[in-house]
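Please go over the structures that come below.
Look at the two complexes coming up: subunit A is in both, with subunit B in one and subunit C in the other.
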Partner chain A sequence: MKTALTKAVRSNEFYVALAVVILCLIIGMRNPAFFTIHTAFNLTRAAVVPGIMVFAVMLGIIAGGIDVSFPAIAVSSMFLTSRFFESIEFTGPVILPILMSIAIGTALGLFNGVIIAFFKLPAFIVTLGTAHLFHGVFVWLIGARPVHRLPPPMEDMSRAELIRITGEVHVSSVPVTVLFLLGIIAVVYFILNYTMLGRGIYAIGGDRVSAERAGFSVKGITIFVYAFIGFASGLAGILHTIHSRLSIPTDLIGSELLIIAAAVLGGTHIGGGRGTVLGSILGLALITIARNNLVMMGVPSTAQTLVVGVIIVIGTGISAYQAMKKANKLPRILEKTADAGGGTVAKG
Partner chain B sequence: MQKDKLLGRDGKLAMMTDGKLNGLLADSNLVRLALIMVGAFTLMAVLNPQLYLTVRNFQSMAFQFPEIGLMSIAVMIAMLMGGINLSVLGIANLSTIIAAYVMIATEPHIGGWGATFLGIATALAIGVVCGALNGALIAWVGIPAILATLGTMEIFTGIAVYITGGSAVFGLPAQFAYIGSGRIGPVPMPLIVFAGIVALCIIVLQRKKFGLEVYLMGTNQKAATFTGILTERVIIKAHIMSGVLAAMGGIIMSSRAVSAKADYGSSYTIMAILVAVLGGTNPFGGFGKVMGVVMSIMTIQFLASGFNILRVDAYFRTFIWGALLVAMLLINYYGNKISEKKQIKATRAASSDASA
Partner chain C sequence: MKKFKRYLKPMLALVLVFVLVACAGGDTTPPPAAAPPATTPGGDAPATAPDSDQVFTIATVVKLTGVAWFDRMEEGVRRFAADTGHDAFQTGHITADPAEQVRIIEDLIAQGVDAITVVPNSTPALEAVLARARAEGIVVISHEATDIINADFNIEAFTNEDYGAQFGRALAEMMGGEGQFTTFVGSLTATSHNEWVDGSLAYLAANHPGMVLVADRNESAEDATNAYNRALELFMAYPDLVGFQGSASTDVAGIGRAVEELGREDTTFVVGTSVVSVAGQFLESGAINMIGFWDPAEAGYAMNELALRVLMGEPIYDGMSLRAQGYQNLTLVDDQFLFGSGWVFVTRENMHEFDF
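Up next, the complex of A and B:
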């Protein structure tokens, strides 16, 4: 019982949860309007699209690679999809555009995965290149004209609500799209904790060579991870369009680093091998609240980038410092024994 | 004679062959880059000779590329140690914004030239401070470079946005504009500044002990530590150098615009990484030459100017940069494989020679 408690207190998730609570309390004290169901619902809506991307990217980071092409994949698949369904004046079921966006995303993710797996290249640099490649080629080919009127089924979906509460001041609602976020979280949780594939993802992130020798198909797992990131990005992209009721080819681009920061704040180790779904949920909460509610706290809008930067540095700094101290302990012990050994030899 | 060289004193044997082969390996990289650069230039010149092959076009290119070139070298230095610096643009903008305030405040008292020198000194000093912060976070706190500099990028840009309120700072001394838009004879000032700094970087990185330490750390940090290199100090020093180069890039950038702003050059971070990798810098650390980055930035500029003249779609350009980066990664992959094979063969030949 005691060990379980101390273990929980020492875990990274505990610190992130603490940070989330403190941030909420500070905002709430400054502005009581924060503690309302309306804010909670708004935050949930704001977390859907980034959330889906956070969990996909987390999978990549655990496997030892940082993907930065996911916003480009998301925006390319959603833009291509919405332009296509606009042009055919689509009125069928809304699942078709969603599936098409997911299919495009998965294909682009596969492309990343194949290059990274077969040429053993650093994912960060490869995806930096493919991000430009995908975004550039699609928008160039189909033109940058935004879609202002989505096909009616997509418009309808943007208004679909899961929960709706009519208060005195606002009407608050949770969009149906939140189900997709919950679905992705469930899938990632299941893969990481209950499948051999999940073990493999942790294994290749921890030590690629050992994983290979242990019999994991490193190439196969790598390709799966990037295809999954593509899959989730395609989904996030189309949901973004549905939320905003617009399809603009420059949306989402530039959000990659903040999403990665959310995953890493949640304790996903940037070098690979470590990371939990719970941690990323907390990281996502921290970033979403910091991005959306700093104004409520009285932070001027011009200072928001600065505050987010400070949160990233402090948040990652604490866990990095602890990891470094832990790593330094071992050599020190070795040094001590070496000193002791040297001493006896000298005496003899 | 060749045999004499190989049969030198025991310890020297491996080193000599190794040194020679490394030289060859690096050269083949540079040769590849030079070919690509000439190819890009020729392609653009053939596509539009009347407008491309003019003094004006050459001058405008020489005005444009030094700022990203300097930031690319700044990224390259971080990459040589197996890290990265995502905050170069943040450093560039923050340092010039503070310098701009200093220049505006001091110009009435010490004149335009005095204010310009003070401004440059301020910008470089901010570059030192920012670089030292990056280095300290990486070396002392132990944050991976990519995250530390991601955080500081937000912090530097954040401070810049906060103190300017997001708008541009105007009213810089006319003398300051000379750095970015002046000329000595037909040669633009930015090019002269760039050439001078490149020469300095080559000396520091490829001729001095410090440079050797940086390369060694990127190849094998553990080995570097056991060799007696104070790795923490090297990381901090290298990031200070990176910060100063970024600030220098910022000076040229804001001097060309005769103003300073928190979001100038929004695509430069990505471009600088692209240029560094295109120039043969190994993102895992240990390999990369300043000249490679110089050729790579010139290649990009040759293409960009050509695209401008041809009025190519902006998204097509984005596509080309991405495709170029991926293609270069694959070319380097195969190139290195071939050189590795050569190296193994040569080492085998040398050892059989030595045993015989």
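Up next, the complex of A and C:
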């Protein structure tokens, strides 16, 4: 009999949470300043933009596809948006640039989704191409001149804080933008756990053919997933620009692997069909802490990439080991079928 | 599958058309715009006019056009043309593409210019075409290319170590010669950034033992947000930290934002390579104290002036001076590489003199 406790201990989330706690303890032992509210605030702020992308990408991976174009979508959407609003000397409400960036992102995501759904091509291959296409087209169309001075409403938003704490030595704050991250988490959680669409996303990632036979609209779901990734990327891009108060067309490019790593660390199965919001929150926490607290730990900058790499290898190793143990416990249907009739089993 | 094939051909055709249109679009770069008036005949020539009556055509090929940096360089080229009466102009492609630079230089060879000055996107990619230019008797001067072979001379605003040392000196002055400071690089493999930091650290080690380095060479990946997050972390890890030296132009912007948010403008000192357009708002608020760069207008002027000297057969020697600001008493290395002291340092007071 499995109790709730043993079930929790066997879950992947448990091990990722354990890794987060151990990492925090190690950093805290090296530098007690880590255990302050300021660290939590700084980490929250640093997690906003990567976080939004992690939950979008997680949705894609659960649906059985690895999207690598999301940084290109993010940077293209934000760059076109900021150049446009800069050129019209915009002073209206800040929601307009945000909506425009989201709209561009969604359109680009739709483009991905349609190609992937209708041509039944692997998302990885398609998005590898479209990543260059999107970024290339936008830089070609509007040039690469960075925007150094954002329109005033966007600059004001970069200073907008939700909470601010003034300590004896330090001051720290949580930016308003964190609400968008919470919003995305809530939406993804709701879709995955309470909607038929969510069941469909798990189903097509688990076995595309079975999902189709079960009556899920594979095309529709696929298009939705990539459009959603585009939506979230557009949002992440404009928030990145608002955070940095600069719009630079080479930012974010190259961040895709760490984002995917965060999702996979959190137990999202790279082959599709499995993954939870809680796991990805933990994966995001692990990567964010590892990326932003190694100086505190006294790791020299030449060794920081190495340490992040070690954490990812160990973390994904644990996830893979857990998945393997689970797979071994399943009854061997495929082998039995093969033994019995020599027939083949369709695989998606 | 049939459906896929049906869509495939139109799709491919569409992509092809798009690519072709894109390429064609790229080719429409206008030819070098009207050069400034040629010879000034007779007596009303400016004092600095060529000694001989010969007017040389000197083309400056930049990495890309339409960016503030090279617009500023063009100002220097224009000023040179106005000062000397020679036919000097600047050209380039809208993208930083070495292949386009090769094409432009080939065109210039065909036009029979007297000298080409170039800021290469990729030195190795240009060696062959520059060798051809020199074989045709064209004088070749390069900038930002200390690894070049096929150029008469390469001229740099400064050696990276000397320039870096200036930041160390400024930081030590602001901090009263003591306290904790840290350094940032765009990436740990960026040669120039690391040489700037090396120069600064060597200067401080030799002159200001009270300056204590903590967490050397934080990597920003040229992204202001990374620099910002790292600065916040550094403030947490080292409560006594007061000095920052940035390298990528966005480093000081990220650090400056952290300083602003923590309200530490008065107690923290931030210096680094940047340009006014990136760092201006933080110079104004006091979050950044000083930025440094080299003025592309002076570099453009110096390249052209050097080309002219070579064309006129004048000697190029160690210790020589050009009229461009910061290019006096040049150091000549290996008979080919010239280094000046063409750094510019900008604070809140003089930031309005620079529009790039």
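For the reader, a short list of remarks on this structure follows.
Assume the second predicted complex is superposed on the first by the 321 of 348 C-alpha atoms of A that agree within 3 Å, B and C clash if a C-alpha of one lies under 4 Å from a C-alpha of the other, contacts with A are read in each partner's own complex, and residues count from 1 in each chain.
Rule of thumb we're sticking to: a contact is a pair of C-beta atoms (placed from the backbone, for glycine too) under 8 Å apart; a residue touches a chain by one contact, two chains touch by 3 or more.
Computed from a predicted structure; not experimentally measured.
Legend: residue contacts after superposition of the two complexes on their common chain; A:L23 is shown touching neither subunit B nor subunit C. Of the two partner chains, subunit C is the only one that A:N292 touches; subunit B does not reach it. Judged by the touch definition given at the top, the superposed model places A:Y321 against subunit B, while subunit C stays out of reach. In the superposition on chain A, A:F119 makes contact with both subunit B and subunit C. Legend: residue contacts after superposition of the two complexes on their common chain; A:I312 is shown touching subunit B, with no touch to subunit C. Within the superposed three-chain model, A:H170 lies in touch with subunit C and out of touch with subunit B [touch as defined at top]. Shared-chain residue A:A261: touches subunit B; no touch with subunit C. Of the two partner chains placed by the overlay, subunit B and subunit C both lie in contact with A:Q304.
In the superposition on chain A, contact of A:W140 is made with both subunit B and subunit C. In the superposition on chain A, the residues of subunit A contacting both subunit B and subunit C are 119, 139-140, 144, 300, 302, 304. Within the complex formed with subunit A, the subunit C residues making contact are 3-4, 7-8, 22, 25, 64, 66-68, 94-96, 188, 215-219, 221-225, 228-230, 232-237, 239, 250, 253-254, 257, 261-263, 277-278, 280-281.
Those residues of subunit A that touch subunit B in the complex are listed here as 66, 115, 119, 121-122, 124-126, 128-137, 139-140, 144, 249, 257, 260-261, 264, 270-271, 300, 302-310, 312-313, 316-317, 320-321, 323-324.
The touching residues of subunit B, when paired with subunit A in their complex, are 84, 86, 137, 141-144, 146-148, 150-159, 161-162, 165-166, 270, 273-274, 277, 283-284, 313, 315-326, 329-330, 333.
On the subunit A side of its complex with subunit C, the touching residues are 31, 33-34, 36, 38-39, 42, 45-46, 49, 118-120, 139-140, 143-146, 148-149, 169-173, 240, 243-246, 248, 250-252, 254, 292-293, 295-296, 300-302, 304.
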